[in-house]
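The following block contains the structure, expressed as structure tokens.
Residue numbering begins at 1 within each chain, and the chains themselves are lettered A, B, C, D, E and F in the order written.
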Amino acid sequence: MAFDGLTHFDDEGGAHMVDVGGKEVTSRVAVAAATVTMAAETFQKVKNRQMKKGDVIEVARLAGITGAKRTSDLIPLCHPIGLDSVSLDFDLVEEANRIDIRATASVSSRTGVEMEALTAASVAALTIYDMCKAVDRGMVIGEVKLLLKDGGKSGRWER
Amino acid sequence: MAFDGLTHFDDEGGAHMVDVGGKEVTSRVAVAAATVTMAAETFQKVKNRQMKKGDVIEVARLAGITGAKRTSDLIPLCHPIGLDSVSLDFDLVEEANRIDIRATASVSSRTGVEMEALTAASVAALTIYDMCKAVDRGMVIGEVKLLLKDGGKSGRWER
Amino acid sequence: MAFDGLTHFDDEGGAHMVDVGGKEVTSRVAVAAATVTMAAETFQKVKNRQMKKGDVIEVARLAGITGAKRTSDLIPLCHPIGLDSVSLDFDLVEEANRIDIRATASVSSRTGVEMEALTAASVAALTIYDMCKAVDRGMVIGEVKLLLKDGGKSGRWER
Amino acid sequence: MAFDGLTHFDDEGGAHMVDVGGKEVTSRVAVAAATVTMAAETFQKVKNRQMKKGDVIEVARLAGITGAKRTSDLIPLCHPIGLDSVSLDFDLVEEANRIDIRATASVSSRTGVEMEALTAASVAALTIYDMCKAVDRGMVIGEVKLLLKDGGKSGRWER
Amino acid sequence: MAFDGLTHFDDEGGAHMVDVGGKEVTSRVAVAAATVTMAAETFQKVKNRQMKKGDVIEVARLAGITGAKRTSDLIPLCHPIGLDSVSLDFDLVEEANRIDIRATASVSSRTGVEMEALTAASVAALTIYDMCKAVDRGMVIGEVKLLLKDGGKSGRWER
Amino acid sequence: MAFDGLTHFDDEGGAHMVDVGGKEVTSRVAVAAATVTMAAETFQKVKNRQMKKGDVIEVARLAGITGAKRTSDLIPLCHPIGLDSVSLDFDLVEEANRIDIRATASVSSRTGVEMEALTAASVAALTIYDMCKAVDRGMVIGEVKLLLKDGGKSGRWER
């Protein structure tokens, strides 16, 4: 099999956890996004609960942080790494009945935190779905994507 | 706080795991979808590896199945339940350089498996991202959504 | 070794997970309590954040619920069971600078949920400690205890 | 919201995992305590089993060690860290029918191990409860508290 | 692909968690074995510690029980099930410097507990290795195998 | 109790996680082996599926990698460490109807990765059993053993 750049497979096609032993420990950061689009009525319910007890957003925020810690349990070939920080921001876009999620993760490690940031954003979005599904099963999670990564040999990448 | 249908909070706004003790154990099923859109070159790499060792899709399939089993670890207010079955289908949509994922989960339980199906689809999509990110950081996961649920008191819902 | 009622050991002293296969599946409930006592200044900080974003109590509440789901991962001889419901109540006792936690868990199972309720209360208390430890390392978690259990062959027990 | 020292929340009240990326990796240690008070008869059963197979204390000791490893799974905003050592000591205080638990954890890290030591002590105490609950549901876990921490910028703290 | 009886793959070769939704909940049991063979000197150390604190066997026993609870986390296509009981027996075979492990698991479920029994035996054996590896890296775990299964549609199987 | 080299116990026989705080962070590697022997017919089924979708070996490979990441969850006194790489090789030994598994793990750490390599090999072997058990319950996992370790103060060991 000619090498095609998919580094999670060896020359014979076997999956492996890529050896990062030769890489330097450097400061690494990644930012990922996700959205949740819902019915107008559902959006208003979420909005009305902000800044109160029973705030959907705060539950999703914690789920995103704890989800980031489970990344290497979920993604088979992902290295188990520590985390220096994880945080999530939520933007309630009223005209679109959409919640925009942004997750930032950082670590001092031999490998990056892109998957941790993407997992944090995904789990936060799934949690919003879970909290609101009793009133709106049609919600759609969209545009889960990397916005930025920095640190390591490959340096900065920005969408 | 007037009751607004968000059942994961009690009357005073405290989050809780909803009591399903009074519900019947019935056969429940859910089907969820996700997509991963990538560069044409990345799509060809994934396609070229199908039916061989080193198949990105088969790694994602296993990750989706094992991810479904972690659902209640990830989603804070989700009930821990068993699973009768989990399966994933993948469709390589060449004209759009997009992989369409469909995850089906079923259980005999007092509560539904929507979150398990959505988590399976999300984790499979994240795994495709992880496998291909060395060649394409710009991939986008989109349209994570429920297609169908059946069983339980609220019966069938179909998108 | 004469039998002394410690059922988690067999006749020869080996630890085992007690066989509950012959027990009936019945509705079971347990209520447990814990307290966290802190400096007056710390107590006021927690109180001032109630009903706002950044509410220590709401983070502890979620941690208690998710902790209950990890009970059989933590307690070696505890059966892995599902959960029908978990909820936590918090009472801010101003005159004592103390937070009183009450955790309730229920399940339809062959074995009880005492350990799940106690774990929920303990993890909620530890989380309050974690949230406030930057300002008060001297906080004390106290009186983690069962208040009530019901269901199963041994019936109701109340403190 | 005026800053009140609760570092697990950002300026707007959102929970986050505090950024420790700028902190130095140093040797850190923490010692925590817990107690379990029980009926005299229960205490004698535990005591009679010491130094034999079927020793409640040895099961609790292992549970405390394995519990310490789960700390960041349990406490939402706790950093995932390695551990250099974990050990537990137990003191059977006959005149009070009380078992005193002391847990010590250490790590070379950017953040402390207070929560790991407290979790080890709590899980050991919960495990003693679990092992003896068939004969004594009234046991009380008390005084879960930090005794000492050392290392890191804030230096030594001792109760 | 002609069907060859490997039920964990569907007609097109995709892995899936087999649907057990149509199966009956029945009482199921499985017994598995493993052995650990070691140097004579190592064997004597293990033997000398039996019935004392610091007993290698008792640590392995607990590890086997807790390992059984993690089976569906480890084996990708294994159903998450509860457990009615888990126990392990150890036989110190002096003439062969070998420890024989026997693990029994039972459950009332739609699927069997063979993997739980085999995982319990394997994890117990690995734990003996871990406890003794400082003095004997050459130990060999052997003959991990199913001895018996009963219950379910396929009935009893005995080696 | 005279010290007998079993470092996982302290002077009084209490189990503890050995303190590695004083050890240097060095590059460490370990290689472990396992075998699975099966009926000739089963062996042919596995062989026929190689290089196709539905390949038993590729599922076992992923399970071995993800299993390595769970090592410190399974082995009570094992330190939680990161991993720099994990890979598995499989050799189908036709004349013996046997699959030979070789697992390699590496890390930059204060402690070795022997248990991670052994756990990877064991979990891969258990997964082969699980995938084929519908057609062959008599399969035997054998010769789980360390082949090599290098790095750290004790240096290289080779079988």
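What we mean here is this: a residue touches a chain if its C-beta (ideal position, glycine included) is under 8 Å from a C-beta of that chain, and two chains touch if they have at least 3 such contacts.
Worth saying up front: this structure is predicted, and the values here are computed from it rather than measured.
Trainee: Check the residue numbers that chain C and chain D use where they touch, and answer same if over half are used by both copies, otherwise different.
Mentor: Same-residue interface.
Trainee: What's the distance between the Cα centroids of chain C and chain E, rounded to whole Å?
Mentor: The mean C-alpha positions of chain C and chain E differ by 31 Å.
Trainee: In whole angstrom, what separates the CA-based centres of chain B and chain D?
Mentor: 36
Trainee: Can you pull out the residues of chain F that are in contact with at least two other chains?
Mentor: Only 14-15, 52-53, 55, 58-59, 62, 66, 73, 76-77, 82 qualify.
Trainee: Based on which chains touch which, is the overall arrangement a line, ring, star, complete graph, or other?
Mentor: Chain contacts: none of line, ring, star or complete; other.
Trainee: What chain-chain pairs meet the touch criterion?
Mentor: Pairs satisfying the touch definition: A-B, A-C, A-D, A-F, B-C, B-E, B-F, C-D, C-E, D-E, D-F, E-F.
Trainee: Could you please specify the touching residues of chain A with respect to chain F in the complex?
Mentor: 10, 14-21, 72-73, 76-77, 79-82, 109-110
Trainee: Would you mind writing out the residues of chain F in touch with chain B in their complex?
Mentor: Those residues of chain F that touch chain B are 50-53, 55, 58-59, 62, 66.
Trainee: Which of the residues in chain E end up touching chain F in this complex?
Mentor: 1, 4-9, 12-15, 45, 48-49, 52-54, 56, 59, 62-63, 66-67, 70, 73-78, 114-115, 118-119, 122-123, 125-127, 129-135, 137-146, 149, 157, 159
Trainee: Quick one: which bits of chain C touch chain B in the complex? Just the residue numbers, please.
Mentor: Listed in rising order, the residues are 27, 58, 61-62, 65-66, 68-69, 82-89, 106-108.
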